[in-house]
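Chain nomenclature is as follows: A, B, C, D, E and F, assigned in order of appearance, with residue numbering initiated at 1 for each chain independently.
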Amino acid sequence: MNHLLVREVVERALREDVGRGDVSTEAVIPADDRSIAVIHCRSRAVIAGLGVAELVFATVDPDAVFYPAVEEGDPVSSGSEIARIEGRTRTILNGERTALNFLQRMSGVATQTRGIVRAVDSTGVRVVDTRKTAPGLRLLDKYAVRMGGGANHRFGLDDAVLLKDNHLSAAGGVAAAVKQVRGRLGHMVMIEVEVTTLDEVQEAVATGVDVIMLDNMDPATMRKSVRIISGAATVEASGGITRETALEAAESGVDVISVGSLTHSVVAPDISLNLLEDDA
Amino acid sequence: MNHLLVREVVERALREDVGRGDVSTEAVIPADDRSIAVIHCRSRAVIAGLGVAELVFATVDPDAVFYPAVEEGDPVSSGSEIARIEGRTRTILNGERTALNFLQRMSGVATQTRGIVRAVDSTGVRVVDTRKTAPGLRLLDKYAVRMGGGANHRFGLDDAVLLKDNHLSAAGGVAAAVKQVRGRLGHMVMIEVEVTTLDEVQEAVATGVDVIMLDNMDPATMRKSVRIISGAATVEASGGITRETALEAAESGVDVISVGSLTHSVVAPDISLNLLEDDA
Amino acid sequence: MNHLLVREVVERALREDVGRGDVSTEAVIPADDRSIAVIHCRSRAVIAGLGVAELVFATVDPDAVFYPAVEEGDPVSSGSEIARIEGRTRTILNGERTALNFLQRMSGVATQTRGIVRAVDSTGVRVVDTRKTAPGLRLLDKYAVRMGGGANHRFGLDDAVLLKDNHLSAAGGVAAAVKQVRGRLGHMVMIEVEVTTLDEVQEAVATGVDVIMLDNMDPATMRKSVRIISGAATVEASGGITRETALEAAESGVDVISVGSLTHSVVAPDISLNLLEDDA
Amino acid sequence: MNHLLVREVVERALREDVGRGDVSTEAVIPADDRSIAVIHCRSRAVIAGLGVAELVFATVDPDAVFYPAVEEGDPVSSGSEIARIEGRTRTILNGERTALNFLQRMSGVATQTRGIVRAVDSTGVRVVDTRKTAPGLRLLDKYAVRMGGGANHRFGLDDAVLLKDNHLSAAGGVAAAVKQVRGRLGHMVMIEVEVTTLDEVQEAVATGVDVIMLDNMDPATMRKSVRIISGAATVEASGGITRETALEAAESGVDVISVGSLTHSVVAPDISLNLLEDDA
Amino acid sequence: MNHLLVREVVERALREDVGRGDVSTEAVIPADDRSIAVIHCRSRAVIAGLGVAELVFATVDPDAVFYPAVEEGDPVSSGSEIARIEGRTRTILNGERTALNFLQRMSGVATQTRGIVRAVDSTGVRVVDTRKTAPGLRLLDKYAVRMGGGANHRFGLDDAVLLKDNHLSAAGGVAAAVKQVRGRLGHMVMIEVEVTTLDEVQEAVATGVDVIMLDNMDPATMRKSVRIISGAATVEASGGITRETALEAAESGVDVISVGSLTHSVVAPDISLNLLEDDA
Amino acid sequence: MNHLLVREVVERALREDVGRGDVSTEAVIPADDRSIAVIHCRSRAVIAGLGVAELVFATVDPDAVFYPAVEEGDPVSSGSEIARIEGRTRTILNGERTALNFLQRMSGVATQTRGIVRAVDSTGVRVVDTRKTAPGLRLLDKYAVRMGGGANHRFGLDDAVLLKDNHLSAAGGVAAAVKQVRGRLGHMVMIEVEVTTLDEVQEAVATGVDVIMLDNMDPATMRKSVRIISGAATVEASGGITRETALEAAESGVDVISVGSLTHSVVAPDISLNLLEDDA
């Protein structure tokens, strides 16, 4: 990830949460009071976002020190310590909610991804995300998918071509659409076409596109499509795939399955921060 | 909501998704091609975010026209048309994913909120959110909570005081903490104290704070706390409250229950956009 | 104060003053020339803004070291040294005017505030500011008020409710207005109502609002209002209060007086910076 | 003025004041309610900032219409209507304080400037400002000086050279400093030298600089300096000049007097906004 | 192109050129004076950037009207009128230099590209650009390449993989490097490998990469490489190719030649703007 | 130069090039791998931009160390090492292209400038630039001109007056235009008038302007103009001056020649970066 972009997301989140200043903490906690805080995860989860959490505290105060207790992408059991922060108490309380919000979202995405990746493990099929991410957080959402063992589909409308039904009908069919794209774009851009019928599969193969997306096909049609394509393009299954249906889709012989819910419906693991008592 | 802030969130989301430009659409769709698109919601949901979706398309092209088919906060059944857009086909395809991402997140929040609001309807207790929102989207998340029938807790660390255990122990107890806050802050800021035991409840009442948060108490202790407070402060129940446990918490006599999952674990309703066929 | 916001104000001010570069200094002062500078205050004043001045020089060059000679909020006599800077001569000359502009404005506000706070000292009444601040400098203006011994009214249109005559008449009276506000806002927002007559005072008390602002009342009416309210709400006197009239207003029994001139008409103390002679 | 810069200052001010949204107005004023508002000036003043006030309302809502009743730089007597706004009531209440804050600061600067300009009217000497402006508002402060009949000194450290004692001693005297500047800068930059003694005046004349600033000289020394310079450079008097001392300074024969208090100590005229009653 | 990005580039350029305001024009041209201006190209050129020039004037003043006289990518002879602007004279003079600077750079790029495209016309080989663009202007530089008949290589380090010698040696050879890339990246990213010897060509083919870049090879080695690759990957010739050497490179059988000088060494055509005389 | 502005240009360039992240390097180069890189210039050139290149790497990672091998403005022969960087290999590869793009543009400008400066060396005439710079890079372009031995004309429309034919005719002639400018602007702004005939020269002299630009005059007319002006103003020759025609223009007796091609048509020297082999 481009760290200039991540820094911007973190600063924006802190400005949103801290607003004009943390009035409770400024009133009550002396400026030079120091603490150690521990972050625990109180549910089973795959952890992602420790680097972002670290950056949150470093943005509040560069002198805060962040010690991750696990690595990005590590699965943890409920109750695990995942990080520790040493620094001014004000810094810790200022950054607490923002850091946890990042950790909870990103670990939620990673955990969800890992679940589906495991479900299709036997097939060797790749699980990829979509552009259905939280607005403003795409880079982090997609990073979390990788930490969960998934891979990334395109990052935006600009880094790969995906021709959907609207494009195809506007262009006058698959062949015409692909030709127009090839005429306008350079040789470094992947071209994917979305198809829904076996006829369209055949048309797509004929154009020599790089990737063919089987949209909302039943498993039987998927299998037939895979046979038609027969290695001439990467095959992606898409459309409403869940943890329950993932294995059947994967066993159809496709190379990749894309899953919107990895990032559009995320359950946050229970992650919280506590200051250590000074002594006993 | 401050529309300057919403405009910024929308522009950021569009820049994230469109990146350097929508290569598929620019290659295939003529610049002057026009379409009508319909947005449907394919699950039961409470709709929120239509104004934001409208702004997405208007930001791409001020000439696009957006017709909402329902009102913000309306519950809809599966299959309902919720909006229609007329404009250049390129505009519609450029803004599609960004608009849907906002609609799905915000309607997800509103739908979830409505569920809990309904659950405690008989009690007259208010359901409020927390600061556990998606980083960068707090204003929209909290707006969606209102559309779902909930109300908002504070928006950041700056607009109200909430003294938690760390503040209280650093200050040397509830009384000292509240005194310090009163000395530093003006008369326009609400003061809330988080308590976990009946002793702390009593201490808090004695300080005359505005709001007392009962943190993770069982229903019996909540009822006792309410009796002790007896109208001297607003009473908020907090801590792991779910749709299942909301009613019992509400029936304890508290004024408000706050629920983190309204915004930290959001399930997106299935909302999609389709171009209308040109003719029959 | 949120230091990300202060940093932004400081960078903006430096960009405004330095523009494309300090052509005089770049032409004449060698890059490695170092100096010690002293900042004196040449009039009686209450000092505020040392931290902001420090940030100005640190933004020009992190290696500059700033030594405050007094503390924020300290009153100084004419001729007092208030700070010292060691660093590259170019850094000092680059930041000089910007740092002084902040110090002069903020110390002006603090000095003015201290004057009125002293005037009402015997009454225990609090002196608070308004939103009549220099555009873009509200956070610093309000901080300076605190350094002068005052307290802050709301920071913007978002962090507390203030219902003025226009709101009241649009809503159909005090009772209706307060009801609408309570229906829309959560339990963490203070509600203040502006009243001008004793009838309105009584109406306001009946709604149970948190704060009642007596707008432009003469002292006798203020006293009567205080008796009517009788502790049911915080009472604020407002409208053209000056250092001369402050005591009489305060003695009416109100809790708070708000004074626009604290920030809208600020006289800058004479603060200047000099390089120390090298010696001989 | 560059309107892109002014637009930025206005948006920043609105974001500062409106924050997350105008909670009072959103709760009480219907979205489609419309009003006419009048802005009065309740003290004698020279008006400046009407264009900025107009931009404030237009930024909140492009449909608001602003009718100035006087022209920029017009002197008005107490009680004069200076502008009228028609638009949505919400728009007017949202922008009110921000618009007034600009108008009060800018008219304060213009009024103050006019006072000193009048005082030296008989001499034909120009009154100019300094860089002692409110951080972030320099462009507007300097515009207001022009509206008050004054002229502008340099806008920043970049658009003209001003060699002060520190520069001169670092360079090894006036002649050396001017030579270094001429070697580094192009032919489009004015060079001014600050002098405090008659010897320095002579030195400065010898270098052929464009402007000589007589710093904190008494009137007699100023007169002698003017005689020495004798038209070879523009002569500027500077240092603690007030409305009381301005005429004496001006009568010494200098071309220009610069006055810091035009912008560093500004008294706001009393300007307020009222909604017109709907009917009778 | 994403118009939000183009708008930002245009605003930045205007702020850079107009600075604090166009002092000459504000002093001399009445605010309501209107003119018609004509833009001529006084050398042979391929025109690009008319849309950007239009946006420059529209940013200064939305009421200015811009009439292009030719289309983007059109070749023009010396002396051709290429556009006309109607609007306030101040607007035209404010935007003049900025609009011309864009037009001259972009038309320079397009003209240069067209020259090389023509040179290899007989071969059907594509001419593509590199990342050697003017910092901050990449989107416009690459757009201009397309207007000149060229195509684009990748837009940044993020939208395609290019493994150069440093990557290959760090990874331990071509095969290892490609394997690592495939393990980390999704299926929507093109992979290109840079090779300098025939052995490396063979290695690259074996990995199944999408594109092979022949770096600084002589024509004979290129021909051999093309034979080895034999359609298994797109072949790109790169390294110091000029208009003089382009044809020989193209005739080696490669698919694409990439040329840094398209954007790193641009000769501006002579484009200027004149106000039409009012009449006779 | 204002380092806050340079930092912004550098960050923008890095964001443009790195985009969402350097996918090749992140996939292949271990995070802790370190290298030494050398930057060579492979053509004769005057070097400028080393400080900017250093800032590029420091922005990617503050721990990278940059060792310039030559000084800004040094002429180098082909093959010279000009800098060395030590740091993480990822940092070096991330910043490589951006750093080189700055170095190539700036050294190209400096080299070109040096050529013309040398050509007129015997005359003592100054070579200055224009506002025909790459949009967004003016500060760096003008810095590079100085490094090549040239000087700068004005930096924007705001820091000096240049009255061209359109201004003159709108104002009703040179005298009227200059008078209007003097009435509106302070005493710190240079005034230049563009003239094309000897009559206009005489008019301009009469107004006492600071600088007279002889626009597109032949050498004979220039000589006559210089005689007429006779030291009453700085004389600038302008209009299509090239390296070939520069000497003749300079020998006419003018003080300054301005040359647009210094910055509008820049040939990049061949500058490249290589990682040093680890060992032998």
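Just so it is clear, a residue touches a chain if its C-beta (ideal position, glycine included) is under 8 Å from a C-beta of that chain, and two chains touch if they have at least 3 such contacts.
In this text the structure is predicted, and so the values were computed from the model without any measurement.
Participant: If I compare contact pairs by residue number, which of D-E, B-D or A-B overlaps with E-F on over half of them?
Facilitator: A-B
Participant: Between A-F and B-C, flag the pair that has more C-beta pairs in contact.
Facilitator: Of A-F and B-C, more C-beta pairs in contact link B-C.
Participant: Could you state the distance in Å from the CA-based centre of chain C to that of chain D?
Facilitator: Here chain C and chain D have centroids separated by 22 Å.
Participant: Distance-wise, how many Å sit between the C-alpha centres of chain A and chain D, to the nearest whole number?
Facilitator: Distance between chain centres: 52 Å.
Participant: If you average the Cα atoms of chain A and of chain E to get two centres, how far apart are those centres in Å?
Facilitator: Between these chains, centre-to-centre, one finds 33 Å.
Participant: Can you give the whole-Å distance between the Cα centres of chain A and chain C?
Facilitator: 44
Participant: Quick check: what residues of chain C touch more than one other chain, meaning two or more?
Facilitator: In chain C, 2, 18-22, 139, 155, 158-160, 184-185, 189 touch at least two other chains.
Participant: Quick one: in the complex, what on chain C touches chain B?
Facilitator: Within the complex, chain C contacts chain B at residues 2, 126, 128, 146, 151-155, 158-160, 184-190, 192, 211, 234, 236, 255-256.
Participant: Taking the touch rule as given, give the residues of chain E at its contact with chain D in the complex, in rising order.
Facilitator: Counting only chain E, the residues touching chain D are 11, 14-15, 18-22, 59-60.
Participant: Okay, in this complex, where on chain B does chain D touch?
Facilitator: Going by the criterion above, the answer is residues 1-5, 139, 155.
Participant: Within the complex, which stretch of chain B touches chain A?
Facilitator: Counting only chain B, the residues touching chain A are 9, 12-13, 16-30, 33, 35, 89, 93-94, 97-98, 100-102, 104-105, 108, 131-139, 155-164, 166-167, 170-171, 177, 180-181, 183-185, 189, 261, 264-268, 275.
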